[in-house]
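Labels for the chains are A, B, C and D, by order of writing; each one numbers its residues from 1.
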Amino acid sequence: MTKLTMAKSINEALRRGMADDPKVLIMGEDIGKLGGVFRVTDGLQTEFGAQRVIDTPLAEAGIMGTAVGLAFRGYRPVVEIQFDGFVYPAFDQIVCQVAKLHYRTRGNVKMPITIRIPWAGGVGAAEHHSESPEAYFVHTSGLRVVAVSNPQDAYVMLRQAIASDDPVVYFEPKRLYHSKGEVDLDADLADAPPMGVARVAREGSDVTILTYGAQVPVAMDAATAAEDDGVSIEVIDLRSISPVDYRTVTASVRKTGRVVVTHEAAREAGVGAELIASVTERCFNHLEAAPARVTGHDIPYPPAKLEKHHVPDLDRILDAVDRVLDRPNSMSGVSL
Amino acid sequence: MTKLTMAKSINEALRRGMADDPKVLIMGEDIGKLGGVFRVTDGLQTEFGAQRVIDTPLAEAGIMGTAVGLAFRGYRPVVEIQFDGFVYPAFDQIVCQVAKLHYRTRGNVKMPITIRIPWAGGVGAAEHHSESPEAYFVHTSGLRVVAVSNPQDAYVMLRQAIASDDPVVYFEPKRLYHSKGEVDLDADLADAPPMGVARVAREGSDVTILTYGAQVPVAMDAATAAEDDGVSIEVIDLRSISPVDYRTVTASVRKTGRVVVTHEAAREAGVGAELIASVTERCFNHLEAAPARVTGHDIPYPPAKLEKHHVPDLDRILDAVDRVLDRPNSMSGVSL
Amino acid sequence: MHTFTATTEPQIDIDDVARLVTPDGERIADPDLERWIADVDTAMLQSLYRDMVLVRRVDTEGVALQRQGQLGLWAPCQGQEATQVGTARGFRADDFVFPSYREIGVQHVRGAKPEDFVLAWRGESHSTYNPYDINTASPQIIIGAQSLHAVGYAMGIQRDGTDQVAAAYFGDGASSQGDVNEAMVFASSFRAPVIFVCTNNQWAISEPVTVQAKFPIAGRAPGFGIPSMRVDGNDVLACLAAMRWAADIARRGGGPAFIEAVTYRMGPHTTSDDPTRYRDKEEVERWRHRDPIARVEALLRKMDAFDDAFAAQVGADADALGAEVRAAALGAVTRPAIEVFDDVYAEPHTGLTEQRAWYGSYLDGFDTEAA
Amino acid sequence: MHTFTATTEPQIDIDDVARLVTPDGERIADPDLERWIADVDTAMLQSLYRDMVLVRRVDTEGVALQRQGQLGLWAPCQGQEATQVGTARGFRADDFVFPSYREIGVQHVRGAKPEDFVLAWRGESHSTYNPYDINTASPQIIIGAQSLHAVGYAMGIQRDGTDQVAAAYFGDGASSQGDVNEAMVFASSFRAPVIFVCTNNQWAISEPVTVQAKFPIAGRAPGFGIPSMRVDGNDVLACLAAMRWAADIARRGGGPAFIEAVTYRMGPHTTSDDPTRYRDKEEVERWRHRDPIARVEALLRKMDAFDDAFAAQVGADADALGAEVRAAALGAVTRPAIEVFDDVYAEPHTGLTEQRAWYGSYLDGFDTEAA
């Protein structure tokens, strides 16, 4: 085990992914000499050369479309989108090509493309640099979507994503890049939990919190705080948000009967909506209260000085915990 | 009242919208001489000239981006996207510009753009011509999203969309273009129900079906069929899918306690997820059964010969009605 | 001088093209093209002719099948046979081609089988042949998207160190798409061995090419550092020569090349289209006199290489192919419903496995009820 | 000849530009530019100089404020003052300009107030001034998106029948984006009165311009039928002349025009960037000798129009502006939390009204708890 930041663990996953398979190459803006604006690809161009660590022209559709062509040719491109808010020019290539080519060609053409997206807010950034676009991809059939919350998962799941013959959108929370954790770089990947399996980050019996990405540590803090208050919270780090591991989720919900979902993305038709709908469909008779969502508001991401009023924090999660426990909360007496 | 097809009622709404306000102009591919591939803009270029009915180069980002510039200048562009599956190249301009400019400029710059999208399947078309991308827009804060199901709504709501100072994505179901209905072309728009209000398409007391667009007639047929079976179904045509008129929705759900949602789009993180999550949040204590979804599968839209196995039909809706009524159904005995 | 002005007038002369055979079938010399067809003998010319006749026959059959309700739609390529056959004959079998929906002739030359022309238009599947069998991608419907795929494929070729080339076909309308322009940027930046073939058939559905471009489309590529050629797209020899010129650049490590083939879409955009709403009969008639097949026939006759036996043989081959195409359409069997779930993912997917199982039992319910 | 070959070698000579003042401050004649600055007298030259000094001061202040934690980020424009001031001075007040995030000098010339330079970078709001107050859009962050907005705005001008122009500023990196190329297609197709200003500052973050373009970017526009000029972006006079040349075309109904201003980003991409990772000191030093402000100072001195009093006055003006900028940053008051819900929609929105009300009461809960 080695103590690494999440940024470094992603860097290691890329390095070992490339070392293991000559067909793996990475492409994006400023990933070469600069090592990426977050230094996630630091040193890789020096090690693997400009043919495998490709600084591309500044055009996301171009990056994604050429990655599709490379996949046609048998390569396994790992594409870096510089910031979450810059993935939209590539949306057509992702939705109509990356997600559909395997289906279109009846399995003849594989699209083993990994799309890495530095993701979400809380870092005081300018407009378009704090977006949470994951629901767009979750809603797109043909893609797999994962979101990591700690260095170990970041390492293992990126290696699994690269090894997958399906396209994987891999979200890495910017505000956790510098968080450190133990990473087992040498473990056999075959022994690791598969990419699609959720993790019970903390066991509890009263309330289940479903979350992913940078909200995982916030939920963990909320669980700790609730403990002082006599409430036992189970925190599930979904890891894969498409597909979701409903085995783990429903087991927890059947135990607690109370569910809070939290994510940074806007609420309307977000991943939280899917989670609540699915949990309600699957566990209706076990639910003691209406599941609650704690999400970004249905607004464009606000200016940095106001973002703390948008990104869900510990207090808002605890308020929702009170809601599902039917204790006094901000919605008490509010009729919707 | 005049009997018109939906295509013709949209044509009339465009004509009168343009006649009433010289700032309204329409732009898109093949909308001029050809009158659009569905003839929805038939005759408009002859009537209003090529300066107001603009055949654009073949580039959706270009269409949307120039519409933004025209809106900056005080125009009110109505943009036609030729088919649902061709909106993605414009996604960046829609998400980052159309949806955000009013917020970005603190209300100084308005984006009164209407985006018309011929929409959804069931017409035996080639790949990319039967998509249901509405959830992407519902999840995008800053947009309003409507979906019409009959000529009268098509007429009134398009006029309202054009008059709105907010951007409106207006979905028109291709397979209803030739369906006819009475349209009151001369009614005062001020008297019409606002765009954001849902319509109880059929009253009932046992089950509420929430739907929109081309699924409305399917749901109505299901309600008729269920009646023979002694089940009274209330069908709500949402009309606006962002925001949703939860006043009307919850009133119905409080009455019936049983909910079926149906749409053509894929299920995962679709509009149905939002509806079920919201209904559960708002009406938990009134629900007698888990709400059920009847949607397209989580697959790319299949080839035309197989589409009837993807687009929800009467039988699948009735199966879900059985489910929420706890009568024998396809999920009986299935544990999720 | 540091100003750049457009070198051609804002008007597009359809005769301002590289050409080897006049519309009347006269063989003329062209300084740019000549060396690329030095080896073309009579047999080769006859075989180009034959390919075009076969392609036209497939096209006619497709239109007929659509009219008879056997196909959902058809996108006719009549008038464009020389562009498609001529350029496609310039590839090697191990090159990789990314066509659009109208490239029937390209698919034919690449080795598509009779059923490959109709099963997708019939709605049986989104695509037919396995792209790797004929080194040709499934025809692309999203306008321009394939241009980037070809560049990416060519970048793969570079990494593999072979002398193959990749190619993308797209239309005059497509030339407006951001993707096509980004493809030129990437191709130029990486010097990728890719050939862009812009089939300028004068129309993008109802929009004349002048909506997309007031100047020749071939004139755009050089600004990106890509050599280009504007060729008579109804002259099969010129199209072959143009592709050989382009492929030679790409194969020799010279980077991308661009061909604008100036031709005409004689039919409607698709069988759903009604071109009388937007274009003049006279224009169509003018182009009928430039027919690419008649042109080669005239040349072959002048060369005394077109006799009744040859004509009869080609006709019989075309009839046979047409019949096979028809039989493929009529004999098509729709896949079982449950297969809508196949191939969404390459690896097992819990969500879809569950949906598939449910839908299977839902379908079984009907059988039970019926029984 | 029907082949088009790239007219320039695949290498970009930074001295192959239209120019009126040499890096040493010598006034030279340029056939393309001369007539456009016939009226520029000493006072005007002095005022161009003054604008550049003010802009540099704002920039220096911005960097300092960021270092001191007063701003979240800053995108320095040092080295690009001549491009920004020179071109922007070529507009009329009623023209409409779409800048990118680095166009501090353009905003200054258009009439931005001290606080307008800092409040967005401080994270107080996404943009500052009302675009209609200074006929300038909020700086765009999505690379290239604004190029299409300018074309659309210009289409509006055409419909209104005025002789205004619209303009878009974007970088060398942006020239790769599909949007920018589509903007050229639309502008050319509609002959829209729009001017594209591509600030080629040699870098897109860490990528040298050669990743985007192996040939001069100005060479692309003519392929789209758009006249273009490659100008010395460190020569304020030449930049002014280039814009007058371009605006004249657009105003007279001649359609779009394109300017590539060849300049250099002296600083990091933003205050978060570390250019030592990817570029040589020597390159930066070479460009320091081409400083746009020093160049005009040298010219003014040769003209005997630069004395201590003038220098002192400009310095004092710059100090005053710098102080105002600083005061604006330090004095900024963050808006109340509830305002995150303001202006999402122009008209009442049931969903958001509900969320706003809930969040208001949620916030009130804290007050109550505190009380």
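Here is the rule we use: a contact is a pair of C-beta atoms (placed from the backbone, for glycine too) under 8 Å apart; a residue touches a chain by one contact, two chains touch by 3 or more.
Being a predicted model, the structure only gives us computed values, none of them experimental.
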A-C or A-D - the one linked by more C-beta pairs in contact: A-C
Label of the chain whose CA centroid is most distant from the centroid of subunit B: D
Gap in Å, rounded to a whole number, between the CA centres of subunit D and subunit A: 36
Centroid distance [mean C-alpha coordinates] between subunit D and subunit B, Å: 41
Geometric centre distance via CA averages, subunit D-subunit C, whole Å: 43
Junction residues of subunit C, two or more chains touched: 125-126, 142, 176-179, 182, 185, 189, 211-212, 344, 351-352
Per-residue overlap in subunit B, given as positions that touch at least 2 other chains: 56-57, 59, 61-62, 85, 89, 92, 96, 100, 103-104, 127-128, 141-142, 242, 246, 268, 297-300, 336
Sites on subunit A touched by subunit D in the complex: 29-30, 32-35, 37, 55-59, 61-62, 85-86, 89, 124-128, 267-268, 297-300, 302-307, 309-310, 315-316, 319, 330-331, 334, 336
In the complex, subunit A residues that touch subunit B: 61, 85, 88-89, 91-92, 95-96, 99-100, 103-104, 127-128, 135-136, 138-142, 242, 246, 250, 265-266, 268-274, 276-278, 280-282, 284, 287, 289-293, 297-300, 336
Of all residues in subunit D, those that touch subunit A in their complex: 72-73, 101, 120-126, 141-143, 173-174, 176-179, 204-207, 211-212, 272-273, 277-278, 334-335, 337, 339-341, 344, 351-352, 354-355, 358-359, 361-362, 365-366
Residue numbers on subunit D that touch subunit B, as the complex places them: 96, 98, 125-127, 130-132, 137-138, 142, 145, 147-160, 166, 178-179, 182-183, 185-186, 189, 342-347, 349-352
Residue ranges of subunit D touching subunit C (in the complex, touch as defined): 1-7, 10, 16-18, 31-32, 175-179, 181-182, 185, 188-189, 210-215, 218-231
